[in-house]
Each structure stands twice: as structure tokens, then as C-alpha cells.
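Chain IDs A, B and C follow the sequence of writing; residue 1 opens each chain.
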Amino acid sequence: MTDTAQTWRGALGRAKTLEFQEYALAIVVVLLFVAGAILKPDTFPTWDNIRNMLTQSSVVGVLAIGMTFVIATAGIDLSVGSMVAAAGVFGGIMVGTDGTSSLVFILAAILFATFLGTCNATAIAYGRVVPFIATLAMFSIARGLALLLNDKLPVSLLDLNGGSFGDPRPFSLLWFGVGRIFGIPVSVFVFLAIAILGWVVLNRTRYGRYVIAVGGNREAARIAGVPVRRIIFSVYVLSGFLAGISTVLLCARLGSASPVSGNLYELDAIGAVVIGGTSLAGGRASIVGTFLGVLTFALIFSLMTQLNMSTEIQQVTKGLIVLGAVLLQRPEARY
Amino acid sequence: MTAILEVRNLVKEFPGVKALQGVDLDVVEGEVHCLLGPNGAGKSTLIKCVSGAIEPTAGEILFMGEPLPQGDPAGSLKRGVATIYQELDLVPDLSVAESIFLAHEPRHWPLLDLDKMYRASEALLARLGHESIPVRAKVGKLRPAAQQIVSIARALSGDVRLLIMDEPSAILDEGEISTLFEVVRRLTAEGVGVVYISHRLDEIRRIGDRVTVLADGRTAATGIPATTPTDRLVELMVGRKVEQLYPDRPVGTDRVLLQVRDARRLPAVRGVSLQVRAGEVVGLGGLVGSGRTELLRLIYGLDPLDDGEIVLEGKPLKAGHPRAAIRRGLGLAPEDRKSQALVLDWSETKNVTIADLGRFSRVLLDIKKERETARKELRALKTVPDDPDRVVRLLSGGNQQKVVLARWLLRQCRVLLLDEPTRGVDVATKAEIYRIISELAASGLGVLVVSSELEELAHICTRVLVMREGEIVAEVDGKDATERALLRHAVAPTDAPDLVEEVV
Amino acid sequence: MSRKRLLISVAAGLVLAIGATACMSDEETSTTTVTVGETTAAEGGSGESVSIIASVPPTDHGWLGAISKDAQAAAEKHDDVEFELLQAADADSQAQQIEQAISQKPDVLVVLPQDGAALTPVAQKAERAGIRVVNVDRLFTAPDAATATILGDNYQIGVLAANYIADELKCQGNVVEIQGLAGISVTTDRTKGFTDTIRQKCPGGGLKIVASQPGDFNPDKGLTVMENILQAQSDIDAVYTHDDDMAQGVVQAIRNAGRDDEMFLTGVGGSQDAMQQIKEGGLYRATFLYNPNMAASAVNMARLIGLDEGFSELVPPEVPRQVVVPAAVVTKDNVEEYEQYAFD
């Protein structure tokens, strides 16, 4: 029972098909990095830039982990970007202008996003609204709330950190934005922790198994005694909760909560999940793939900005790389 | 008699697998040539080579004496080879006529010539003796048998010399099968050659002229008469003598496990009461649509009860909650394994353990223990291949069924509900499944089996209940049960086959 | 030869309402005399009230928010104005709203189109139906789509920013440009005015635009784009951003990187936040006012058209075809004068 033999036999129908995909996307990530190192040898392959790219990945990355669970059940959550904006503004107004407590902001933002996610969950699991429609409605509602809550204005959060940019106090909001532990940004730790936790939950717990079963064959899952409705409910709550965490990471770096932030983050998150090999039809999900998908987007964005490419060329290039990354993977699942 | 199809020494290799290792087959004008063989014997590969869906590695296929172009489905079709697959590939929302002429509609360019299409469809259905099927009705409104006939009409809309039918009877009930056979006889009378694939040996004697048996990609026998005794056919298929197709009939105890009292859910189930005792195999026979599957769903809690009560080991069961039913010791192996029982992309292990993950779960799942436990259960049922990591999509029907059974054995359920447990399962595996059912009963489980194969119910059950129109109309002791007796109860005297469902 | 430049030079002359300037543009457009008779005939001449419907894009952005508020305020100042403000989510729904507005037969429509080209047909329809259209900020693509046009000068904003940065850096150094949303005229004009002027003013090439990337008028996009540019560019002296709100993200990226002493930054728009930071001094050095009062001016102008008064209070006897609101430079030295115009 050697592992190598098992992996190779995977091509002949063993339940290990995900491995090749993750492997293929890892090649894309390496290729992009090598391309960057060749084109911008002084500024791209630096520790500082790697740190920067990881930090940038963290916001959409946290959303994408939640999205992986949602898509694994054959659902979709189009509202995460709007929830980020709404949760940020809500947290901001809870703190008020003279607020000094980061904790209030963090809790308020996470709770509010979780609440919005619970609304999605209720509509989908108990109201039997199609996920696409329910979260499309929330996409609109949450964006509207973001604008409504503070009269269309951004909320400055700089006061939460006393305006200082020196050495942030641990667990202050600023700390999540610019703080570092052993030279690694706190937001990267948060993202990695959530990704690892996500992997463990999805692959090594009963809950994760149920999530995939619901996406793989809902009727069969029900007959086998999986609490299908509760599982579906839970993934949208989880997606909202992680949108709250994502809000904290974004607002910490931005020093403010803007009602227009998070625009189209849902597409980046869904894109990262799908190029990572999670099936939009449900039943197959890969956290490692999602992680690499998020990295792919961050690498593309960083590289193209560093090269100062014009927008139109950037868009075409990004599209081509995404298409190429998907073509490189599992040929049987392209259709 | 002219030979229509001659297959000589056909070989097909897939990477790592030799699916066909030199197969011979010849079909003459006007005969029904049955193709027999266990799952994986190469029947599908053979017909796919003939229909052009895949290209053989070596060997030759002569059609009307000329080589058939290989790997060219359109070419095969043009020469008159039509194939009807087991899964009906009709679009429910199209009308009968549209289905028959799908992709080769008669046209007044650029418009469809609907009149011509309707007239031609009516003519085709008349040729099959089913002019009563309305050509304008939606296919989804028809009964499965009528849909099957539409499929055949579609195949005949070209000039067909050879018709290949892959398990056409799998989804039909007794009455419908007779209808189908009449159609087949009409075609052979016109000189069409038919290749007929089925797992049901009784059918072969009813419809077949000659038989070819495949085993492990080789022809075990070809062109033998359809009157060959069953034992001999089974022996050819399995490559050894099967001692006994049916195990000893289990004798029940007195302890009642499951009680159904006046269960009702209109329109399918109209007040059913029954009991299943420990150690018993209770059969539930009847025609398709008599309410058997619906009754199992009610017992298991998949649908809510309108009225009545389900009692398990003396205590009432919370209706409408499958999870509650499972906790109380019920297990269900549903009719359609692929869509209702299995996550097809999952390994055998995961499919076995899904109903009982709690036993491997503290905070995290003990993956190693899970795999070993599943392997043990699968081995006990002799699941092939002996590989708990194998994706179930790739398993044969019989082995998929064993995976589902292993799930409920692991869960240590006390009452097992089986809906068509041997559908799409080859004869050798059928015998194994009968043995498993019998052993489960012997170990003290109560088993309730729904089957359309009345012969198997007659052989494996302690008692057989017959349903008709949502009610139990007869109870027959296993020892007295025969296929004929059960069928007589299942079909009401005035039951004329009505192929179109009433529009609600 | 540039029409824009001509406009700017003429624009400097005339004063409209609160420091805005009216002007005749070139001959071609100015010859189209407004026949105000049609409208007022229906209303029975001046002295009656004027009904004005204004249609604007979603006001989720600081400047657009201020626009609609100011328009409302301006309308309330006049007793004889019946005013209704419509907000649309996108170009399509704005077109539908205007269609509906036409059926209400107002005297004047004030339109700030989401997309000038897309809304030109419906504006033409309004004009043909005898409803006068005042086009604000984003231009329609056909001359017969509006009776009058009032717009800020985005090209001039680029010019002012280039002049300011070139002067501050004495034509030596590296400049980064964070643009608005790619593909709309506001962004294109602000970029063009900037690059044209840098080239003219610093012909030696000492002042280099080392990076130019879109930030979509969105603070979080501004943040991430600037983070990447900071990685690529080790030496930046100034950042020209197209918008004050977006600039907050850019500021944050620079501060998070601890490079706020290395460079300075300018914005556009005149938000309260920006003015506050300019007053405090430091990274945020200047903003260029793209005065939201143009909405108030547009309402005033619409009223005059509706009352058939033309610009009788002012110099020319008929309503001018085009009014350009000039941009102004706001720095620490003059920020107090401009704070009254700030929006938040």
C-alpha cells in the first residue's frame, strides 16, 4: 500500500482525482512567480512583495474559503462583497466618531455580517429560495444598507488606533492591518489559520463530509440521514461570518469603512474557488485549490501592476491566464 | 436466412483493460438474438462497437456482408443500425412526434413541416401497433412502456435493419413488457434483426430465438438456442456451476419489528397495514405505480403521512423524519441507486460510512479506522474490487448495491427496506444478493423487499404482499407463491393497459 | 485648436451664480439659439411656476451625493420651482426613468447621465417632445440632445494638478497616477490634461510618470493598487489621484508602508476629509475642486429656461449653450476659503 502507487492508480478511478488538479494549479502559481521574477527581478521576487501579495490575498481569500463551502453544496453566494461593505459601515457607526475600542468594531462587523449571512441561510434553507436569487437579493440589500447606514459616507476608523502608525497594540484594529508576528503580517496569519481550519473541517470532520454529500447528491444524502437543510443553512451563515472577518482585515488596512468597498469581491472569490477545482455543480471541493486560486489572482494583479500594464491589456491578460489555468487542469471537467 | 450482422474476433482494449478479447456474434434476418453476460462481460462495449460509438482495436464487423465503418455512429445509423439504451434518452417536454423526429425533422425550409411530422409519426406508431399513442402529447406524460415505444419509433424513423435494445425491460412492469414484446415480434416479422440485452433469463425464453453468452470479454457460447436450460446459461455466464440461484427461504420469528397501521398518503397509498417480524423477508409485489415505492418512502419518513401510524419495536415512529427513522434502526436501499443512494464521485468507503459517521468522529474523523471498518463490511459482502478507495461510479450495479447494503450493515439497522434490490444486477451477483438478504434475515433483521420481478419474490420471501392501486390486495405465503399467482393478484381482472397517464 | 482650451479661456470671463462661469462655446454650437417660446407658451408665460425633473446616477459616491443635495437645496430656494429628483441604478433604468419623466411633461429636465452616449437618444426624445434638457457634467453625444450644458472641466483638473506637482517638484522626480474608472471620459480627460501639461511644462523629461493605474474611484481598489505600486517603485515623489474618496485608500497604503515622508499626494473633488488632511499638512498636499455647485447652477439655469428669462439678469439675452464650471486649486494656504464648498 505505498502512497505513490495509490496516487498513480488515482488516474484509473480512485478517489484521488483532486490531487492532480491542485498540482496543476500549483504549477500555474510557480510559473506566474517565475515570470514575475524574470520580468521584475528587483522588485517582484522579494520577501516584501511576497508579504504584500499574501496580505492582499487575505481579504478575498477568507471570503473564498467560505465560498468553497457554499459551492461544495452546489450553492452560490453572490452577496459577500456587499456584506463586507455593509458590515464595515455598521461596525463603523457602532464605534462612533470618538470610539476607541477596536473590539467593538470587530465584534459589530462580524456579528452584522453573520446576521446578513443568516438571512441568506433562512431564505435558502427554509424559504426554499434558489441560492442564486436569494444572494442576488442580498447583494443588492447589503449594498443598499452600506449606503443607508451612514448616509452614503465612509467612516474613518483611524481614531481606533489613536491615529498612530508606529507599533500597533495587539488585537487593535490596526494590528490586523499592519501588525506583524515574526515578520509575517497578522492578516496573513488570519487567512492561513482560516484556510487550514477550513481544510480540516472540510476533509476531516463529519460536518465537512456532510457538506460535500449534500452537494454531491442531495437526495442520497437525505436518505442516508444527513441533516440536509441544516447543512445548507450553516454554509451561508459561515459565509457571512467569514465575510465579517474579511471586513475586519480590509477595514484595518484601509483605516476606514467605505460603503463602496468590496465591489465585485464575490466574483474574485468564486473565480478563485472554481479555478481551484471545486465544482460549481457541488460535491467536489478543494481548500488547497481555493488557496492556490486566490494566490493566482494576487500574483496576476501584482505582476500586472508592477509592469504598469494598461487596464485593457490587464483585463485581457487576466482572462487568458484564468482560462489557461482551467484548461491545464482536469480535461474531463471543462464542459 | 440472410445474415445481417457478423462480428468476427472483435478485440477492444482500453488503457489497462481488455474489454473484448475476440468476440463473435452473428444476427440473421428476423431473429431476436439475446446477449447475456454478467456486468463487465463486455456487452456494452460490443454494442458500442457495432453502433459506432467506439472504435474496436481489432477484428471485423460485417453488416449486410460489407464492412461497417468503425467508430462512425452516423455511418452505422445511415446503414440501418439503431440502438435503444436502457436509460430513456427522451426529452420530457417534447411531443411524441417531435421526439421521434428529433434532429431529422421534416422541413419546408426553413420551417418545420409539422403536418408531415405528425402523419409520419402516426404511421410509425401504427406499424408498431400503437396508433393510440397521441403524437401531440408530451413524452413526459406517457408511461415508461409508451416512452420505450416512442424510442423504438424514433429508431425506426430511419430505415432500420438491425435494432439493438439494451435492457429495455428494466423499467417496465409485466403488462408493459408484454406490450414491448409484441412490438418486437412485429419488427422481426418485417425482417428486422434484433439484438436484445437483458439480465432476466425468463424473458430470454419468451422473446429470444438464439443466445450469445459473453463472459470476461470472450464469447462463452454463441448462437445457442434460447431454449437452453437456465442452469446451463448461468453456468456459461459465471464460468462455473452456480449451486443455487435462490437460497433457503428464511423462517420468521414471532417478534414484530415493524408495524404499519393504516398508512395513507393520497393518491399513491390508500390505507396500508402490514407487519414485518424479526427474521422475516417480506415481499411487496405489484405493478409499477401500485404504490410500493411510495409506501417504503412513507415508512422511512421521506414523505409525510396523511394518516396512520408507523410503529417500530412497539414504539411509534415520528413520521416524516428519515433521521429519526435511521436512529430507530431503519435502513433504506432506494430504487434508483445512482440518483438516490450514492454519491457517485465518492469512494466506496465514504458511501458506506455516510450514515454512521458518528462512530468515527470525536472532533475529527478517524479516517484510518473509517477505511478499515468500511473495508471489513465490503469484504463481508464480497464487493468487487476489494478496494475501499474505488469511486462508486465505476462499479457495476451489483457492487453498487453491495455498497448500499454495507452502509446499513455498518449502521446495524434492524429493519431493512429494499426497493428493487436486484435491478440492473447480473445473475451471478443476484444470487449473492439473495444470499445476503437471507443471511440478514437469519441474523434477526426484518427485511421488506419491493420488486417487479415477481419470480424472485416468489423464491426468496417468507411472505409476499401484493399491492394494487395503493392497497394490499393479497398476502401469499412464500411456500405457495408462484410468479403466476402473484401476477394474477397484481393485475385487476379489468385492468386494460392504458399507456397514457390521466392528465390531472 | 483644442475646443476645451478655448472654452477655458472664454470661461474665465463670466460669472454665474456662485462663482461659476458662463460662456459661449464655439460658433457652431452658439448659433443654435434657444427658442424658449415653445416651452413657455404651454405654461402661459413667465410668472407661473416651473416644473423641473432632475435625473442622476446612484449617489453612492461623495461627489454625486453632494450634487443631488445641492440641486435639491437650490430648488427649494425658489418658490416658483416644482422640483423632483430621480436616482437611477444604471444607464438602462435611468433611460426608463427619463421616459417616464417625459410623459409627466415637466418644463425642464436636468440630466446627469450615467453614460452620456447611452442616454443621448432619450434626451433627444425629450427635446423633440418640447421639454428642454439641461445636461450636467457628462456630455451627450449629439448636439440636439440638450438645450444647455453645464460641466466641470476634467481636462483642466489634469492641467492644474500637473502644474501644481511640477512646480512643487521643480520638474524633477517620479510621479504616480491613480486613475478613476477606466473607459469613461472623466478619467480620460483628467489623465490627458495631466500628461499633456507635464510634457509641455517639463520638456526635459525630469518629471516621470512611473506608474499609471486605475483605482476605479474606489478606496479599497486604490489601496491595493497603491500597495503593488509601492512594491515596484522604490522612489516616488508625488501621487496624483483622480478622486478624494479613492485617495483615502491610497493614503492608507502609503502610511501602512511607512513611506509618508517620501512623497506627497493630491486629490480631486474637495471632500471634507481631504480638506481636513490638507489643513493638517503632511502627505495630503492639495485637492482640485470639481465644484458640486454645478448642480445648483444647473437647477438655476433650468428655472431661467423654464421661465423664459434666458439669462436676462446676466449679459447675453438667451441661455448659453454651454457653461463650464472652472476647477480650483485647494492647498493649505487657501483651504479655509474653500471649506464651505466641501462635501462629505
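In this section, a residue touches a chain if its C-beta (ideal position, glycine included) is under 8 Å from a C-beta of that chain, and two chains touch if they have at least 3 such contacts.
All values reported here derive from a predicted model rather than from experimental measurement.
Engineer: What's the farthest chain from subunit C if centres are computed as the mean of the Cα atoms?
Structural biologist: Relative to subunit C, the chain with the farthest C-alpha centre is B.
Engineer: Report the most central chain, judged by the distance from each chain's C-alpha mean to the global C-alpha mean.
Structural biologist: The chain sitting closest to the overall C-alpha centre is A.
Engineer: Would you kindly tell me how far, in whole Å, the mean C-alpha position of subunit C lies from that of subunit B?
Structural biologist: About 72 Å separates the centre of subunit B from that of subunit C.
Engineer: Could you put a whole-Å number on the gap between the CA centroids of subunit A and subunit C?
Structural biologist: The computed centroid separation for subunit A versus subunit C comes out at 36 Å.
Engineer: Take the average of all CA coordinates in subunit A, do the same for subunit B, and state the distance between these two points in whole angstrom.
Structural biologist: Chain centroid spacing, subunit A to subunit B, equals 45 Å.
Engineer: So which bits of subunit B are touching at least two other chains?
Structural biologist: In subunit B, nothing touches at least two other chains.
Engineer: Across the complex, what residues on subunit C touch subunit A?
Structural biologist: 59-62, 65, 182-183, 210-214, 216-221, 223-225, 227-234, 245, 248-249, 252, 255-256, 258, 273, 344
Engineer: Mind pulling up the subunit A residues that touch subunit C in the complex?
Structural biologist: On the subunit A side, the touching residues are 40, 43-44, 46, 48-49, 52, 55-56, 147, 151-154, 156, 165, 177-178, 250, 253-256, 258-263, 301-302, 305-306, 308, 311-312.
Engineer: Flag every residue of subunit A that touches subunit B in the complex, lowest number first.
Structural biologist: Residues 6, 12-16, 200, 204-206, 209-210, 212-213, 216-217, 219-227, 283-284 of subunit A touch subunit B in their complex.
Engineer: Sort out for me which residues of subunit B touch subunit A in the complex.
Structural biologist: So the residues of subunit B touching subunit A come out as 15-16, 300, 302, 322-323, 326, 332, 334, 339-347, 350, 354-355, 357-358, 360-361, 363-365, 367, 387, 389-391, 393-394, 407.
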